[in-house]
Amino acid sequence: MRELKSITKDDLNQEVTFIALLIDVKIKSTKTGGKYADLTVQDAGSKQLLKLWDVAEEDWLQRPKDDFPVIEVNALVGEYQGKLQLTAKNIRQVDKDSIDMKKLVPSSKWNFDQMRQWLEEFRDRIQTDPIKSLINEMVFQEPYYEKFCTYPAAKSVHHNFRHGILQHTLEVLKYCVVVATTKRLNQRQVDRLIAMAFLHDWAKIIEYEPLPSNKISDEGKMLGHIFIGSHHVMNKIELLEGFDREDALIILNGILGHHGALEWGSPVLPKSVEAQILHQADKLSGDVESILSFMQEQEESRETFTDRLWNMGTDYYKGGIS
Amino acid sequence: MRELKSITKDDLNQEVTFIALLIDVKIKSTKTGGKYADLTVQDAGSKQLLKLWDVAEEDWLQRPKDDFPVIEVNALVGEYQGKLQLTAKNIRQVDKDSIDMKKLVPSSKWNFDQMRQWLEEFRDRIQTDPIKSLINEMVFQEPYYEKFCTYPAAKSVHHNFRHGILQHTLEVLKYCVVVATTKRLNQRQVDRLIAMAFLHDWAKIIEYEPLPSNKISDEGKMLGHIFIGSHHVMNKIELLEGFDREDALIILNGILGHHGALEWGSPVLPKSVEAQILHQADKLSGDVESILSFMQEQEESRETFTDRLWNMGTDYYKGGIS
Amino acid sequence: MRELKSITKDDLNQEVTFIALLIDVKIKSTKTGGKYADLTVQDAGSKQLLKLWDVAEEDWLQRPKDDFPVIEVNALVGEYQGKLQLTAKNIRQVDKDSIDMKKLVPSSKWNFDQMRQWLEEFRDRIQTDPIKSLINEMVFQEPYYEKFCTYPAAKSVHHNFRHGILQHTLEVLKYCVVVATTKRLNQRQVDRLIAMAFLHDWAKIIEYEPLPSNKISDEGKMLGHIFIGSHHVMNKIELLEGFDREDALIILNGILGHHGALEWGSPVLPKSVEAQILHQADKLSGDVESILSFMQEQEESRETFTDRLWNMGTDYYKGGIS
Amino acid sequence: MRELKSITKDDLNQEVTFIALLIDVKIKSTKTGGKYADLTVQDAGSKQLLKLWDVAEEDWLQRPKDDFPVIEVNALVGEYQGKLQLTAKNIRQVDKDSIDMKKLVPSSKWNFDQMRQWLEEFRDRIQTDPIKSLINEMVFQEPYYEKFCTYPAAKSVHHNFRHGILQHTLEVLKYCVVVATTKRLNQRQVDRLIAMAFLHDWAKIIEYEPLPSNKISDEGKMLGHIFIGSHHVMNKIELLEGFDREDALIILNGILGHHGALEWGSPVLPKSVEAQILHQADKLSGDVESILSFMQEQEESRETFTDRLWNMGTDYYKGGIS
Amino acid sequence: MRELKSITKDDLNQEVTFIALLIDVKIKSTKTGGKYADLTVQDAGSKQLLKLWDVAEEDWLQRPKDDFPVIEVNALVGEYQGKLQLTAKNIRQVDKDSIDMKKLVPSSKWNFDQMRQWLEEFRDRIQTDPIKSLINEMVFQEPYYEKFCTYPAAKSVHHNFRHGILQHTLEVLKYCVVVATTKRLNQRQVDRLIAMAFLHDWAKIIEYEPLPSNKISDEGKMLGHIFIGSHHVMNKIELLEGFDREDALIILNGILGHHGALEWGSPVLPKSVEAQILHQADKLSGDVESILSFMQEQEESRETFTDRLWNMGTDYYKGGIS
Amino acid sequence: MRELKSITKDDLNQEVTFIALLIDVKIKSTKTGGKYADLTVQDAGSKQLLKLWDVAEEDWLQRPKDDFPVIEVNALVGEYQGKLQLTAKNIRQVDKDSIDMKKLVPSSKWNFDQMRQWLEEFRDRIQTDPIKSLINEMVFQEPYYEKFCTYPAAKSVHHNFRHGILQHTLEVLKYCVVVATTKRLNQRQVDRLIAMAFLHDWAKIIEYEPLPSNKISDEGKMLGHIFIGSHHVMNKIELLEGFDREDALIILNGILGHHGALEWGSPVLPKSVEAQILHQADKLSGDVESILSFMQEQEESRETFTDRLWNMGTDYYKGGIS
């Protein structure tokens, strides 16, 4: 079995066998009424296009596209316009339970155990007990903890991989704490800021469906993670004894306001310095990751500039990288 | 005792006595170190400026401006630049408990009993039981019902008077039902639309402080009525048996989306035809009321156009009214 | 002869015959120099794609696309990617005069006689004689009346069907009158508001070419229905005896301002409460119709949300409809 | 009799007498109930503030502010904060008929006879007879010609003086013809462009009231000069024999589109190269004049930059002028 | 040898031979693994698509697309969808040194010698010696003069042809001088305005690569012609004796500000009347040229309106041109 | 001598003597022709209003307001509307040379020696020699070093105090380095990022006049610190041997792009991940400081929210601070 990224031009005109997720199917037809398909397949390290000529009556290719079957593929390695092109010779569906799905879904490059340890260290910086309890119950307990550590933080653009919320939250926590220290916020402000950073994207465990789907749930589309998260946090706060009312208002405003502007989906503006720091730390984490992953994707092309990265509104210079 | 609006140029150079709320105090000083004050006083029918020369040590004039004392005023009626000007000769504070506050706060011109009856009629058009229960428990029960029937719907601009939420909700309900009927929505859509219309500004009973304050509460500023309302409705729905999940998503999205655009403070867009109707009915009710009350305020001036009404971005033609 | 919407998967692999308008032709070529065509055909109830292999020297397929020939088609019913696909076996052009064109053009679902009766009822609510004369001469007389009752109200998006202006005008009239009643406008205001509502889109009978073309005329593109309508109304008013000058200014401003904002093509803003009501009633009618017709179009797809509806800037939830 | 601009610090502590228009009155009161007034007076060359202490019962000071009485003033020349300040000792109203109003209203610095000659020369460049007739009848005949040669082109900002439309139209004509020549437009295009330039602000003779009022008429506010002008031109064109339909559409579109963008009040965009040239020539004339007149106004201040010129959104550097 | 624009339907089914630049190659593949290519070729007068079936191992077709080989083509003239279609029978690469490249690149229609003479005349209107020296050294000396006279002024849209900077600069100079004369600027202002006009797009000789590439250089993309030009001019000014400091600030501000608004890439706004004139003259030259060249391109189509011209945001009326 | 912030209500009705900068003078007049003045005075710790009744012929009060005389004041402490009010009894001008100006100008709260040490440490993290030389010559050498360490970073809003550039640069450096480390940029990227951070606001030593003026220089207003800084850096880079061209382009683009968007005054967008990090670190430093200093200013007021902070577009919650 080969990993997709191990297949190179050294394999030209040879056959390879690999296991992958089938994540997109486009069926096309020829004049003579025949059908062929452009498949997109993926494992943890790479995506690849796969031609399938003469599509037969394989029902499973017609299934709803959110189903993501696991397939074993035998394919011929060719080349087209200077790029590798695989042509399927045989495809068979594989039982998902027999497969370690981690091998088929891209994942954070950061060490998972290290990330969980860091997460605990940030929690332990909180000195206000009710705020610490809030984080313990919202993040470090099931049924939340596993999802929080596993889900992606976005549908595309940035941190859209396994452990995405976890890595993104750690980045945001780090940036927030550095600003708090530099600007000498007091401990109560720091505690609120850490809590907000932990919770700002928490509701993405409800807004998204589990990987490999990466689809937004109905609840996510209709209500959004900003409302869902604030709603759960407000309910949890009301159950915690001794939670200061002003802390509650500031933390909830921070979650509601973390997109930083009404037109970006926050129903209220950040009304505390903590909330403004959170917003900018969140934007910094997302934007920088989106540029880095985009430049890596486009490393191979011969141009000196990347294509336009839509969420940043510009292309990037590839000179001076290596 | 005189009502403020009964004082006219027929009273020139005479003394009048009236009871009013003191809603604003601006203290100014003269070169010789003396102080005088520009007071704003109000009763149910009108607002009036009141000059107070030689401000003494009346402590209560220095109190936080949100306190709104009730005062009995003896004043001389004068004229300045063609407008009435009252000059205080004597002011004394009156015990609030001895006064019927309704006489001092502007109120809806619609008949209160009639409005409550209409409100029940709209509720009774709902045929889906769990939705009807939602409205009964959120609107027609205490501790909500009295506030819902009493609070203003805005700080300024439109429906910023006693029974404001009630009148505005009735207007929105009426417009929504007419559109639903004209466009032949089915009963389930109608039920959801009526529920949304009932609940869209419900949380203003939390966002505002009680009249005569008309101030936004801390919770209102930090979280906003859109979040607060959706939060309470979601909690209530979860307690109601048999509430359809799709109805819940559509009703909550309707409340979250009723401002119609992210930049107007909705964290998600209206995602159903009901939600879009609600948004436009809400806007229609607010805008039309704000134009009508503004034109009435400016009726007296000699210009053929009003001043610019800031929320509508234009002035209005006063020709052809009478 | 079959109606297009009656053709279903029950007809698979069989031949069907139908009459339709040919509304679009895309000719494509194959490597071997052959040509085929993707045709779009339409009757009153549906649109359908039609493959035509081996396009010969049929001149009429090359004609200007605004000509819309009527064709009789004999086709084989197939399936492609889960959708019906018709493949033409024989196409012949049909004399337009031999056909009832109403069967080939989509039309309002409202009863035509009922609509005309309603239109008269709204006119009869006007109590100011010169205003009533204005409506009689601009709407209820030829050469206007037939066009007013027949033309579509838009090129796409909403009310873009036979009787479109008529249905849209009735919706706007209804919404306007409800608001006027609720907000207790006086009779003179109601008269002006009804007149504006009648006339706001009147000039679309000049801006558009007759169905089935649905094309904007040169005059329409260069001058727009807002100017053209106001121009004709102003000329008509000057011919009517006793037309009040203030009524004239308000009605003309209402027509000029009915798009509600400069950036939407109104050269002046609405300067009366009537004009603002008209603008919002117009928007309500257009937006709601566009959502409803779009959701109906997309009823069949298996997704829980529609595609993005461009004029509304969002997709719509399909849950909870049936 | 002195002209206002001839009064300088050389006159300090002396009395001066002058005739001026009274264009603004602000009455203020003192604690003791007395009244004083800040008057603004103007003659052809300058504006000046004038203090009037102890305002008595002069009725004419209370009149509607659009009346603009002519007054003869005897005043004491003082200084305040480094600026001249006049204090009225005596004011008497003067019969308007006894005064040459030209001396009291600012006027174009260009020679009037020269301007009229240039206007004829531009007309005579038109070689298409019906277009030339259009200009002759709309501009060079009464009741239009005198107003066209006299009215200001704006309420403020630019060309807001006697002969303003005339001077502005000549500037626009000149810029248009230079562009047309440089870019080698054909004669028919040149004829249309000259016609548009003549007519684009023509309706300001209806939109404004006559000087010295400089007020916008009710018709102007409700309908705007863009609609009014296009309406009159369209009616005139229909009376002219042999007027080419395409010329008519382009000229009307040019007038409707001369603000260049919907958000600037044009209901349609410029749809011909002539219309785009007209828009930019119009903007160039207006903007450059507004900067020059503003810099001249602010010449005296000691700052190296002017204040912010609101319509241009910036301040201007005064270095390097002399 | 044929020029491309000389090939018409009169040549149908015949073979033609021509020399052209190969400016784009799109390789496509067929099901059977074969390859074909859509080539774009160009000479001074026209662009043309060229089909190449059965692409072999011609390495030079795979080269970086910025290389622009010169090719001699033997092709069959066909027709497809009413348009000419050339199918290559033989292609061979030609040595660039053997070819007069002017014949393969589009060029200004203005006479080159005339343009250079005009350029000198504008320079000679400058009466301030250091400013004249600045223009002499920046424009009329090598290594700048040849590039200034040869480079295009844009990548697309307007003046994107040989001698583009030269023609565009002359247009801008002409418009600037007419405005300066009309508005009676003083000689020092005129001198600065002429200098700015000469220099505003000067740095496009660095921002662009030489024709036929028409590509933006790395330096151009990273720094932009606004910064690069101002930087070089500032350095040059510091070397010139007696250059007035205020002139320097105004000229540099004019270059920095010539896009007229921050959002169009000027880091500072125009702060002098000269700078505002320059900005508008620049926009006028660019916009008018873009409309004229676009309308010429679309002359042949049968529609009465052009397509939408993206930089102007609208389509154009083709009536009344001939 | 008292410091201004030491004067409290404990001093009521007593006389105090202090030395301060006179930073604003507003002269007003009374009806009787007398003059009084509202003065604003400042020392390092506070600003204070000061009434001066009966302004005599003190010439120095009329001087250009940028002169900022040092004054010794003897004043009576009073109270007005609950706030301290000082009334001058005697004012005399003091020779600036006899005063330690540091005591009269607000200054960074960070330790100055510590800041300079940190600055060196950041420089020493650079490992690319030519980049390090650039920083040494642009920052650590005179005539730049003293200004870089002394000037404010803004005219208002944030870091508008002595050592403002220094403190702001250190904040930006810190945030940049944390992001670079977290996201594992390579050493060359880190070196460029540190260089950009050092240089991004460098040109404010030219854009501003020295404290206490805090005025923008003519060069600053006409050219802006973005151009001026990039210009000097580009000239310096050209003098440095071995400076990599790609590093130069990225560093210059980073300085040009550090405002992050065209509409915020950057003529090009950030085209590298380093440049985007710099932009966001810059914004974070400025915004957070502006909120903190604004909240501190408004600490005393009795409201639960601050006024609106104009650059952030919102007010801030004062609950939960202490």
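Labels for the chains are A, B, C, D, E and F, by order of writing; each one numbers its residues from 1.
Keep in mind that, in the parts below, a contact is a pair of C-beta atoms (placed from the backbone, for glycine too) under 8 Å apart; a residue touches a chain by one contact, two chains touch by 3 or more.
The structure presented is a predicted model; accordingly, all values stated were derived computationally and were not measured.
> So which chains are sitting against chain C and chain F at once?
The common neighbours are A, B, D, E.
> Going by C-alpha centroids, which chain is farthest from chain C? Tell me that one.
F
> With residue numbers as the basis of comparison, which of the pairs A-E, D-E or C-E duplicates the interface of A-F in over half of its contact pairs?
D-E
> Report which interface contains more C-beta contacts, comparing D-E against D-F.
Top pair by contacting C-beta pairs is D-E.
> Return the distance between the CA-based centres of chain E and chain F, expressed in whole Å.
Comparing mean C-alpha positions, chain F is 45 Å from chain E.
> Please tell me the distance, in whole Å, between the geometric centres of chain B and chain C computed from their C-alpha atoms.
About 40 Å, centre to centre.
> Residues of chain F touching 2+ other chains?
Residue numbers touching two or more other chains: 218, 221-222, 249-250, 253, 271, 305, 315, 317, 319.
> Flag every residue of chain D that touches chain C in the complex, lowest number first.
218-219, 221-224, 226-227, 230-231, 234-235, 249-250, 252-253, 256, 262-268, 271
> Looking at the complex, which residues from chain E come into contact with chain C?
That would be residues 30, 36, 53, 80-82, 302, 304-305, 315, 317, 319 of chain E.
> Which positions of chain F touch chain A when the two form their complex?
My answer: residues 171, 174-175, 178-179, 182-183, 188-189, 192, 244, 246-247, 249-250, 253, 269-273, 276-277, 280-281, 283-284, 287-289, 291-292, 295, 305, 312-317, 319-321.
> Quick one: in the complex, what on chain E touches chain A?
27, 29, 31, 33, 62, 64, 218, 221-222
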